[in-house]
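Two complexes come next, and they have one chain in common, subunit A, joined by subunit B in the first and subunit C in the second.
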Partner chain A sequence: MNNPTPDTTTRYLNVMRTRNSAAREATWLRALRQSAVERFAETGFPMLQEEDWKYTDVRPIERAAFMPLPQDAALPAVPTAGQFRLDGLSGPRVVFIDGRFSASLSAVGPLPEGATVTTLADALNSQPQVLEAHLGRYLPADGHGFAALNTALLADGAFIHLGAGTRLEQPIHVLYLTTAGAALLLPRNLIIAERDSEVTIIEHYAAVGDMAYFTNSLTEIFAGDNSTVEHYRVQEENRAAFHVSGVHVQINRSSRVISHALDLGGRLVRNDLRAVLADTGGECHLNGLYFAADRQHIDNHTHIDHAQPHCTSREFYRGVLSGRGRAVFRGRIVVRPDAQKSDARQVNNNLLLSRDAEADSQPQLEIYADDVMCSHGATVGQLDEDALFYLRTRALGDAEARDLLTYAFAREVLDRVRLAPLRVRVEHRLAAALRERGALHEVHP
Partner chain B sequence: MLTITDLHASCDGKEILRGIDLQINAGEVHAIMGPNGSGKSTLANVLAGRERYQVTRGAVIYRDADLLQMSPEERARAGVFLAFQYPVEIPGVSNIYLLKAALNAVRKSRGEPELDAMDFLALVKDRLQLVAMKEELLYRSVNESFSGGEKKRNEILQMAVLTPHLAILDETDSGLDIDALQVVASGVNALRSPDRAFLLITHYQRLLDYVVPDVVHVLVGGQIVKSGDRSLALELERQGYVGVAQPSTSV
Partner chain C sequence: METPSRDIETLVHRAYKAGFVTELEADAVPAGLNEDVIRLISAKKREPDFMLEWRLRAYRQWLTMRPPQWAHVRIAPIDFQSIVYYSAPKSKDDGPKSLADIDPKLLETYDKLGIPLREREMLAGVAVDAVFDSVSVATTFKEKLATMGIIFCPFSEAVQEHPELVRKYLGSVVPYTDNFYATLNSAVFSDGSFVYVPKGVRCPMELSTYFRINASKTGQFERTLIIADEGAYVSYLEGCTAPMRDENQLHAAVVELIALKDAQIKYSTVQNWYPGDEQGRGGIYNFVTKRGACRGENAKISWTQVETGSAITWKYPSVILEGDNSIGEFYSVAVTNNMQQADTGTKMLHIGRNTRSTIISKGISSGHGQNTYRGLVKVLKGAENARNFTQCDSLLIGDQCGAHTFPYVEVRNPTARVEHEAMTSKISEDQLFYLQSRGLAAEDAVSMVVNGFCKTVFKELPMEFAVEAQKLLGVSLEGAVG
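On to the complex of A and B.
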């Protein structure tokens, strides 16, 4: 082919090189970026031939060649931004519009001593030593091209730091709102909970408008000894959006990380969640709920690394698929040779509401220690016909009965969402999605 | 109230009901007894609208309407109630939510306004006493990890809240202790009225000591082989189905 435009990988590499040659940055950051550039040059976009990507075709992302937005233009006014607040939550709010911090929409408020809630860009200036110690430290060296793309061009995101013993009662709401079409957005979050601290963070992705764009986010979480971190990733991008996320967590001695991955939007979504139980007594709870309506594709890859003994992991992911919705779940659990007394449980259930919906569920347990308790269960099924009939004999209409059972299925994950305003929001989104599709009546085998 | 004429029904090509004729008038209580596998639950399910069974012949008229043309929910809204032999567990749907949704669906179809939360709760608590059920069960998922007896009481509670015209109780008395049996019986008796009818499917004559039926039918091999008054139940108890169900003795 005689195509004068270079391919997307080359274009991205050019953007990276141009950026890096212009920037005046600390050596460690340059080095971090440089190795990411090299990694990206090496891997480019993941391909279907790769085991980890065989169900998720990212060529549409590559073809679209989304580009970073200019950083100097004025931020657009977003009169509807209020719709994305979580009413009833009164904690700090950090809002990014089109990937850039919006001071006017954000409100951090008073924080307890020892707590910092700011932007990554600010933290790079104000506390470079902390950043040097943590940024990029929790990513695997063999990460995929999207992670490298994020690191090579990282510019801003949320920076949350809890000093030893600091407890922040109110959840921190980090909102990424996109208004621009054809944009490549690279949110980069760093959450550091020093020992004995406690924090709850909501990472929230949404859009105003129905243009296509690409969010490629990366979050690193360090849970120090005896800390508790609760992390929500609420993804309600528009239906034209591409969303790739990475959440990388290090769980230290006797610390507890609770993760909720709620995926309701997006056209093509891929999430990699990796938790390393890096010291004894660590605990991780990974909850997930995904809803893929017609032509949505949602892929969750989770990876729990029981690297040390006496750690516990609980994973519970559920998905609802309608129309031609498609979901992929790959739950990898590795128990290293020394990780005796590991206790791991994984459950993934998928509910297909239509004949054309599809789910692939793959548990993947790699156990190299002998004294462990590990279990997994994966199901892909339809609504229970007996339950449906029972409800209809109790005067509920067919559609109403199907909705009720679908909710009930999702409820078991949502019940774990402690934050009521968030739970209500997700319930409403689910209800809207159920109504919209009319797919309820689409097929009854 | 209900007229069944020459009803044949099958499942996966296998004929289960083979010509049922049954007439139930308002105010009456009918009992159906019969050996395992004779088609009692199939009849109950066909009347409730289970699509799994195909009606191949016959007619069912319920209060001047063609019952077989109605969906399960239309039947329920028209006042047909089935207490299941095996009530279904529905994780994630609370018992009280279902009661409310069911009652409001029925009321709506009758052109009545929905009950507000207060009135609804008062009604449910009243009916709860009738079936001597623990209030706590209202807030659990429907039938989930209920004991066998609790499930049956829950069916009667639903019946008492929905106040159907025609209640079909499929072995609601099976597996119940004597107290629970009396609860079921008093639930039925409390609802008994000139404009209501009951079809009780049972294996045991003892339920009929508490709920005195007008007519007892014996169902064998998908057909009603004998009908009579309550003494037929006693006769069955003594002689078993084989003794009673001889073709020569059928009416």
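On to the complex of A and C.
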């Protein structure tokens, strides 16, 4: 090709190679990066022709060619950072501004013995042996290009380690705040809950300003035997932002993982959540709420792998779509041969509030064992006319009645959010979004 | 009526003399596919020019296409150049001479299904000299239908006698560019059924290929076209419950249905091609494109299928709901036993206002069978108040089989309501235990539970078909428990 400007894939590959030749790193990390570089070189950006990307066009991300920020400049001051605190939660707080750790905004506070809450960069120095054992171990070998991009250039993120039997009562709030335009951000989180431990983590993505940027995050969670991990991913990026996330979870014997995916912002959002029930008695609960308005596009792919017998999974995703909002849901449940007594249920409901909104839903069951109970359900619809009528007879205005029912629809997911401050925050966001757009009057003028 | 075999025989020679294809022998086309073979097929069938051109366009398109890979099945690569694309109907001498020459397993199955001796001979392909009862029956039917204006004839006959209808509707639902196998079919199809029911006529009987004996040997590339004009009604049955002895490896058929305003078409299939042996050797690849279009208001198309045969089934009977208030239905039972694989389902395209669709799919897997439901429900922007209900249930018998569900739901209209639910579970031990405690043998108990599971689909089948389908299910699942 005679193209004078190299394409984004080539540019990223150049960044990777430059970085890797300059860095002095442990051999295992070098190897991990190198295989990711090779994977990225092989796959590049996903294309619409690929079944997993059939509804999500990432060409705008490719065209924008966001670049990593220089790591040596001074961190910008963010006077409004306080807005993103979750008032009422007093646990450790780890804040990243433009992908870099902000010591002044973070507050880890006293932790019980056996618990570590720090940054990945710090952990790479202080406990490389733990990282070697876990980092990059829970990703599928055939991951897409974005995951490879993250691994190839991973620099920082949250590192949370719970030693055996350690319980952390207060949730850990990990905030990624973006202020810079045209930036490629690659948060990388690693959560390790050893046997009998318990922890709650909030991964929170937000922006100050309305510039375009690209967050490409990757989180790995290891839930050791008999542990409990509750994970929240709260995505309230701005309306110009691109957000691609991967959450990869390994659930061991009799352990329990509860995931909440709350997507409120972003222009083009794609989340891959993959949970492997790797030993008997594992349990996973995946809850999701997405709210797409204007021209937002939110794509949730979940994959639950019942690799061993006697595991349970529950999945509940709901979406509210207005304006030209579009949502994609694909939830796959795989039950491997011999994973007998698997119990899997999955539900996806979509509420369409406007003429131009679109919902694409694909619940999928792939089952190779016989003694199982698996079900899925998917619906796309509108508000119930009878319920609306009832509310009108109770003297509510049309708009109020619609808002109330929409709110009630979302509430069923929010009710599962155990942390009240977080729930209230999301509720307010939802209510504000409903009011601001008046989206609810579009269907019946 | 002149027998078609003689008809073709003469044609063959005529074509040869005309010098269309010099290097090919007259009545045995060598394996492989090229434009000459297509010209030959067209010439043998004495087709008008437009048909030949259509076939050639399809063939040229096919050359640019690749076999689809997305289905959840494992397929050994097919060598399309080793297939014989046309063979004249077999002469009576080729077939087995009597039932004694037939595989005893096949006979055993006929016995269990209670098929009359005469019919057994026909199904097994035994050359019978005497004129069948059913042949005369077919003729009587045909005359009666003709008085009502209903056209029911082999496709090749329709091409010659009703070219205007064929030209108007052929490929209007499944264009020759549609997909790899449909395109191949468009290029080389040999024969099939053609039905036209005129305005306001209600076809008084179930039409069936079974009665139209001359079409039962149409081979591996069938093409069926059914048109119900305004206000017409027709019910069409395809296949029969008895297993068909068939040597062909690949079946790539195309069925097109067109229902105009207020018309209704009901299409029922019982597919019981040879599924291969217990080790998965042999068996038919059944790659079929079936689609109907509800072209006018209040039109209705209903697909009912019972899929028990074939080594691999790849089939998605679909409905394009163009007319306002039109209705699409899909009822399916798919059984896979031994090494069988099925990837089947439907597509419902909601285009008109107030369109409704119902999908009920029951998959049964046993042995090493892999059963996949794959379906699409798409509601386009203008489809006000579209409504869909989908239910697909899978039943697993044995711990080596697989059941998969891949529905696609795409909705672009806020007034639409689309619901999908699916459930996969093991055959209930409690129910089996109860039935056995009441004195039923294990196999009968399984059969009874499975029949109960499939009841909502069977009740959509015409009566006599439903009874046979139930028996068939029992036969197909033989050895599933034990």
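Everything below uses one rule, namely that the second predicted complex is superposed on the first by the 441 of 445 C-alpha atoms of A that agree within 3 Å, B and C clash if a C-alpha of one lies under 4 Å from a C-alpha of the other, contacts with A are read in each partner's own complex, and residues count from 1 in each chain.
Methods note: contacts are C-beta pairs under 8 Å (C-beta built on N, C-alpha and C of every residue); 3 or more make two chains touch, one makes a residue touch a chain.
What you see is a predicted model; the values in this text were computed from it and never measured.
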Partner chain(s) touched by A:337 [first = subunit B, second = subunit C, both, neither]: second
Touching partner for A:359 - first (subunit B), second (subunit C), both, neither: second
Subunit A residues touched by each partner, larger count belonging to subunit B or subunit C: C
Contacts of A:412 with subunit B and subunit C, given as first, second, both or neither: first
Partner chain(s) touched by A:431 [first = subunit B, second = subunit C, both, neither]: neither
First (subunit B), second (subunit C), both or neither touched by A:73: neither
Partner chain in contact with A:386 - subunit B first, subunit C second, else both or neither: first
First, second, both or neither for A:404, with subunit B first and subunit C second: first
Touching residues (chain side subunit A, partner subunit C) in the complex: 51, 337-338, 340, 350, 352-355, 357-382, 442-443
Complex interface listing, subunit B residues touching subunit A: 48-52, 71-73, 75-77, 81-82, 84, 87-93, 98, 101-102, 105-106, 109, 141, 158, 162
Partner subunit B, residues of subunit A touching it in the complex: 384-387, 389-398, 400-401, 404-405, 407-409, 411-412
Residue ranges of subunit C in contact with subunit A within the complex: 70, 72, 379, 381, 394, 396-426
